[in-house]
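Encoded as structure tokens, the structure appears first; notes follow it.
So that you can tell them apart, the chains are marked A, B, C and D in the order they are listed, and the count of residues begins at 1 in each.
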């Protein structure tokens, strides 16, 4: 992306992000935006746990799905938004601590965008554990 | 399920449900528990929306995944819990108003339980709209 | 579907089916065509087995995916075909004997059609065993 | 893998591969076997096409699922085999020419192995096109 375009894309994503109350509720923030690649992070909040105290699968899903959706948003015309058509998540290990989701575009397209995401738990002593992989489809929708 | 067993199963589910802070955060409640079939409901809360004001996909996922997981819990030994191995969601229409998730067991098993769920939006004028279908795998884990 | 339209839809499906060499190779035939619902069958052929002698997952997939795709075809304009965008299969038990796949439309649409399928093994002594469930997305494509 | 172990693993895979008549039927061969990573190839055979002449989704599935399954087989005890629990495929572009599937293990485990695969079409003029991505779960089964 050209520097100018990149700033516009990032603005669109920050604007959309700000309007998703779900992202604020789970305490998510944007780490980075590149063409076809977006990274988000969120803590394992008190209010979003499963019965054993780990991050609820839905929070891991929320973060991975959003990172993938915003990655798709970097690849489509500026007047469009994206919606999730379908998403598959495989949970690899319990989510805890600081969660980081890296979304990426596997295949762009005018009609559909195929995406993937990895979610990691950053460990206190350094290093990170692979928490989940997601694979899905986004559809551009004109929101005007 | 025998009446006595049924009460025990329902207690296990209400107990597990109470320990999932995610369920309280989204305002979810248990509608019904039958053998292999559990129904949950939640409003489309202010804090759980996507950028257009509809229920965030992650809330629809949370409700469907939990209904499916609790349906699996009705079919396994009392000392075990279940965790989501993987879950696929197809979103059919925007979620709004009162969401209702019906989880069911497709195939029980000692090692794995295959599950499905439907999520509906109950409409103000009566009737309901199909919001999502989920299909996935739960694994029994001994939590002692 | 009106009787006339129904005949046309069935002809389109039989025509498309005949052009799919994969269907002939696995010995598949059409059992029934209704609006939004198509049933196919195929034997567990010698050449399509996995290492234990059961039907290979790919044959179960082929039959379920095709039944779902043809179910979608009954719901779209006559000049279009459908292609599989994505498909998820959960295998419930080994496939053997006569396989029967029932595809159905969960949600029609101009841009995408969400589908599901069940695959059964018909048992020698009567009755049937649930072999697989599929859930996926078809996209109408204009083939002219 | 130690050199000796590696030869044993490769033998197990070649032995299992030879017993899968599906692999012979589609003309598949093993390209390479590494720890947690297996590559297979097959032509787009006459008998395995969809209605437009491209490789049928089920052949792309067969190759990707098998590459992923054999990748899992490199990571489990020698007396076990693996079976597909579930598999999700996203089709990115039409399959034609020589198909190559690269399977890999995302997360090993005693009870389940999470896998992924990419399927490519090798182009006549060099280069390759991304045909499909798969993400799924394998289960070790003792076949004695």
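Basically, a residue touches a chain if its C-beta (ideal position, glycine included) is under 8 Å from a C-beta of that chain, and two chains touch if they have at least 3 such contacts.
Keep in mind the model is a prediction, meaning the values are calculated, not measured.
Trainee: Would you kindly say which chain has the C-alpha centre located farthest from the C-alpha centre of subunit B?
Mentor: D
Trainee: Using CA atoms for the superposition, what rotation angle relates subunit C to subunit D, in steps of 5 degrees?
Mentor: That rotation is 180 degrees, given to the nearest 5.
Trainee: Out of B-D and A-D, which chain pair has the most contact pairs?
Mentor: A-D
Trainee: State, to the nearest whole Å, the distance from the C-alpha centre of subunit C to the C-alpha centre of subunit D.
Mentor: Measuring from centre to centre gives 23 Å for this pair.
Trainee: How many angstrom between the C-alpha centroids of subunit D and subunit B?
Mentor: 33
Trainee: Which whole number of Å gives the spacing of the CA centres of subunit A and subunit D?
Mentor: 29
Trainee: Residues of subunit A that touch two or more other chains: which are they?
Mentor: Residues 85-86, 88, 90, 136-137.
Trainee: Which positions of subunit C touch subunit B when the two form their complex?
Mentor: 88, 90, 92-93, 106-107, 114, 116, 130, 133, 135-137
Trainee: Of all residues in subunit B, which touch subunit A in the complex?
Mentor: Listed in rising order, the residues of subunit B that touch subunit A are 16-17, 19-22, 24-25, 46-52, 56-59, 61-62, 65-66, 81, 83-91, 143.
Trainee: Note which residues of subunit A are touching subunit C in the complex, please.
Mentor: For subunit A paired with subunit C, touching residues are 85-86, 88, 111-112, 136-137, 139.
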